[in-house]
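Order as written gives the chain letters A, B, C, D, E, F, G, H, I and J; numbering starts at 1 within each chain.
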Amino acid sequence: MPDPSLLETFESPTKTPFLIEHINEEFTSVCPVTGHPDFGVITLRYEPANCCVELKSLKLYFQSFRNEGIYYEAVTNQIRDDLVASMQPSWLEVKTSWKGRGGIRSNITASFGDEHSSSNI
Amino acid sequence: MPDPSLLETFESPTKTPFLIEHINEEFTSVCPVTGHPDFGVITLRYEPANCCVELKSLKLYFQSFRNEGIYYEAVTNQIRDDLVASMQPSWLEVKTSWKGRGGIRSNITASFGDEHSSSNI
Amino acid sequence: MPDPSLLETFESPTKTPFLIEHINEEFTSVCPVTGHPDFGVITLRYEPANCCVELKSLKLYFQSFRNEGIYYEAVTNQIRDDLVASMQPSWLEVKTSWKGRGGIRSNITASFGDEHSSSNI
Amino acid sequence: MPDPSLLETFESPTKTPFLIEHINEEFTSVCPVTGHPDFGVITLRYEPANCCVELKSLKLYFQSFRNEGIYYEAVTNQIRDDLVASMQPSWLEVKTSWKGRGGIRSNITASFGDEHSSSNI
Amino acid sequence: MPDPSLLETFESPTKTPFLIEHINEEFTSVCPVTGHPDFGVITLRYEPANCCVELKSLKLYFQSFRNEGIYYEAVTNQIRDDLVASMQPSWLEVKTSWKGRGGIRSNITASFGDEHSSSNI
Amino acid sequence: MPDPSLLETFESPTKTPFLIEHINEEFTSVCPVTGHPDFGVITLRYEPANCCVELKSLKLYFQSFRNEGIYYEAVTNQIRDDLVASMQPSWLEVKTSWKGRGGIRSNITASFGDEHSSSNI
Amino acid sequence: MPDPSLLETFESPTKTPFLIEHINEEFTSVCPVTGHPDFGVITLRYEPANCCVELKSLKLYFQSFRNEGIYYEAVTNQIRDDLVASMQPSWLEVKTSWKGRGGIRSNITASFGDEHSSSNI
Amino acid sequence: MPDPSLLETFESPTKTPFLIEHINEEFTSVCPVTGHPDFGVITLRYEPANCCVELKSLKLYFQSFRNEGIYYEAVTNQIRDDLVASMQPSWLEVKTSWKGRGGIRSNITASFGDEHSSSNI
Amino acid sequence: MPDPSLLETFESPTKTPFLIEHINEEFTSVCPVTGHPDFGVITLRYEPANCCVELKSLKLYFQSFRNEGIYYEAVTNQIRDDLVASMQPSWLEVKTSWKGRGGIRSNITASFGDEHSSSNI
Amino acid sequence: MPDPSLLETFESPTKTPFLIEHINEEFTSVCPVTGHPDFGVITLRYEPANCCVELKSLKLYFQSFRNEGIYYEAVTNQIRDDLVASMQPSWLEVKTSWKGRGGIRSNITASFGDEHSSSNI
């Protein structure tokens, strides 16, 4: 099951605002209605305040959704909430793009805070 | 015939505004004038208020148009109206793109409410 | 000859503003100077007020130009005028793109009314 | 030699502003310095006031540059001037794009009047 | 008028068979029926025997067709014949590809001799 | 109606076998069943024996099908037969590719004689 | 060595502002540190005041850098300065794009004056 | 280990603001957690004040990260800090794009100072 | 001037036949007729017998043509001959592709020996 | 340094011939002449006889070249030889594609044994 305790952080190398983007093209969870696997791409963008998420721990956290029956919308918001709790960033955005099922493909976007103007690149 | 009672919703996982997009590339209905089948792509985008549409129920709802004789314009507006009645979202937009018939191809767009600025992503 | 009486309309399924686009990639008329055939693509976009143009009637109306000797500019404005008279839409735009003749290819655009801001999609 | 008397016009089919574009991909003239042929694409865009340029006459006018020794910059401005004198349009723009010579390729743009906002499509 | 005396050759730098290709994307002549200009691409491929055609002289030879009224088929065969007479190559092929006129575009191919197997690259 | 008397020929510029290809991307005729227009691309390839078809006459011949109610298969074979009768070529092939109607698009090929091996390019 | 005396100008054919672009895809100079050749693309855009640079003289001027040991940054600024001195244009911009060396590729941009709003096309 | 003393500068050829971009597509360092190699693209953009970074010295500086165990975020900020200390530019931006590891690929952006409006090209 | 003494070789790491390809996209020499620079791409493919050409020496050898007035055909054959003399390979092929001059672009191919069947990849 | 003892194998799951392909897009070694890093893509294809190479061990083996000064040709043949010694496959092919240095990019191919006809995919 999704396990936010897997998330580890390290101190940001700078106090100057900057922008970080991690794209996971190999995310999978399970549909809570049909039990079939879902496959998606997770795009995480954030501006750190005091700390950054460590990449291997992020990978393990994403992998902890593998056998969880959970809606697309809930995946997106839980990742947003777990990462905000773990890092307390200045700004954070999670976009999820899901491969088609039953002829329908889906994209969900959730965010936290206001994007810093200088990082709007 | 189109059956909005097929639509099921579940409680939104968050009160924070976010953006959902479902794209159905396998929609079919029937031309009310000629009786020939029509094929189209439905792109649904919305910001939930209190609930989200369940994906399997959305698929069955779209499939209920299969043998209905109905204009492109009516399909687009009925989907808009049925989903607004079912979910009462903050904002919703339906775009339909139809393969050519008689050398003419068509695109229709209908919307509800004002898009939230932070979801303009 | 171009016959606007072929155009039929049906009542718009909604009073809410929405956007309709019909693209005819198989339009042909005749050059009034040389008598040679012209081939073009007609892109019609409009926001209905009270009624929509029926698609099969639109096809027959477009086919009625087949043997008419008429300038590109006149085709474009006549389609604009005939459709405005038939539907009295809130806004309408006609673009015509013509295959090359004598090494020159042409595009003509004519419009009616002001585009509704919410349909600027 | 370039012969603006070849240009013929016909009365515009409407008083409503609209936009016309003619693209000649087979333009050739001669370099006044080296005597070698130049090859270019002429893109003409304009909003008619009272009349439009007839397409076959435009083709013959463009062909009249075939054996003229003339700079790229002069071609562009002469076409602008001859068409403005012939049609007195509301707005007109001429872009010329020339194939490379000696490893250098060139693009020149000249215009007349102010583009009508509603035709900015 | 087409002037084969413009063609100059230089001694081939080797007796070993090899393959040469020259592509002229800026060829123009005149239609003998309508008097309108034709535009084409000439692709020349050959295996020299004792001499090669000099490139600047080839350019001037191609330019000598500029105001000649001549069929596509005759252009292709005359270039083949003039170059064979000038160079006496082991093998030679001329392909011409013409821009569309009246909605029709054309390609013509003529050759001389048998292509050497080792140059079949 | 299709009029083979429009076809004119001129003497081939050479007795050496060579290959000619004419592609008409603006062919239109009428469906004999529904009365609706058909749009297609005609690709003609041939090796002349003693004469070649003149291009402007070929264009007028193709235009003579404009208002003829005729099957795809009949168009293809009639063009083959009319051109063989007019030119008596060594080899000739007609391919027709038709835009989709009712979701189906079609390609037809008919030929005459044996292709000369050296023109198999 | 770079020789601005090669630059020749001719009187602008008009006093109306217009835009000229010359793109040289075959520029080469020499690295002042390693002595190895550098290869780049020079894009020159300007609005003439009273005169234009003649194209053949521009080609010879660019060729005069062929064996000069000079930094990318200095090439860009020298071309800007030499052309401004030669033509005194209203506005001028030089962009240089260099092929990779040591795994690094570079782009440099320098400009003079303010671009005229109507030529911002 | 990363060695900023490798960075050499030369005096800027002009006091006029201009824009420099260097793109290194062959950057590699080592993951401090797993010890596996990381591969990335570094895009450096800056406006010089008094001096520019010499390209060969920049290459050697980038190569000095080859066997360093260092986070993506720290690489990005260290390059920003070392180049700012070395050149004291008006404005500088470093973007790093990393190939995927564990299914996740990352992009980091850090900047210094305010971009000059005229160089916003 | 072209200097084959720059070419250095090293012993092939194996006696088993294998295939080597070097592509130089930055070749330049000078036209012996006009004195203007030529730019080309050299593609060298070979199967070594006992030794391979060292890459830096190959680069310096290619650079030695920089200011040589020499025909395309002679460049191609000289590179073939110099490399065959230097390496005595089992099989070797040189293709040169030249940017257009006067509207004509050229490709030349020369080879030595018979390609080993197992390396026909 | 390159360490073939890192390679581990496991028993092939079948005696039926089949085809395996591993593509490493993150290979790096060092130039033995200049000391600068080289970057390449290794494509390994083979048909196992009795055993297959274990993927993590292959990754560590490839990483062992990271700081080795070695020619492209030697890298390619050593990988071929080490894998043949380790696995004794029916057939094996190694292709290496190297990023450009000094304007030259290279591809090397070495193979072992005869490819089984059924795996010619």
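Criterion: contacts are C-beta pairs under 8 Å (C-beta built on N, C-alpha and C of every residue); 3 or more make two chains touch, one makes a residue touch a chain.
Since the structure is predicted, the reported quantities are computational estimates derived from the model, not experimental observations.
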Checklist entry - Which chains are shared contacts of chain C and chain J? => result none
Item to check | Proportion of interface numbers common to chain D and chain G (over half same, under half different) | outcome: different
Item to check | Whole-Å gap separating chain I and chain J, where each centre is the average of the chain's CA atoms | outcome: 27
Checklist outcome for this item: Taking each chain's centre as the mean of its CA atoms, chain F sits from chain J at a distance in Å of 54
Checklist entry - Can you give the whole-Å distance between the Cα centres of chain C and chain I? => result 59
Next on the checklist: I'd like to verify one number: the distance from the centre of chain C to the centre of chain F, where each centre is the average of its C-alpha atoms, in whole angstrom.
Outcome noted: 32
Item to check | Touching two or more other chains - residue numbers and ranges from chain G | outcome: 25-26, 36-37, 39, 99-103
Checklist entry - Which chains touch, pair by pair? => result A-B, A-H, B-C, B-F, C-D, C-E, C-F, D-E, D-G, D-I, E-F, E-I, G-H, G-I, G-J, H-J, I-J
Checklist entry - What does chain E use to touch chain F in their complex? => result 31, 33-34, 71-74, 76-78, 81, 93, 95, 100-112
Next on the checklist: Residue numbers of chain I touching chain J in their complex, please.
Outcome noted: 10, 12-14, 16, 18-26, 48, 52, 54-56, 58-59, 62, 118-119, 121
Next on the checklist: Taking the touch rule as given, give the residues of chain J at its contact with chain H in the complex, in rising order.
Outcome noted: 25-26, 28, 36-37, 39, 63, 66-67, 99
Item to check | Contact footprint of chain J on chain G as seen in their complex | outcome: 36-37, 39, 99-103
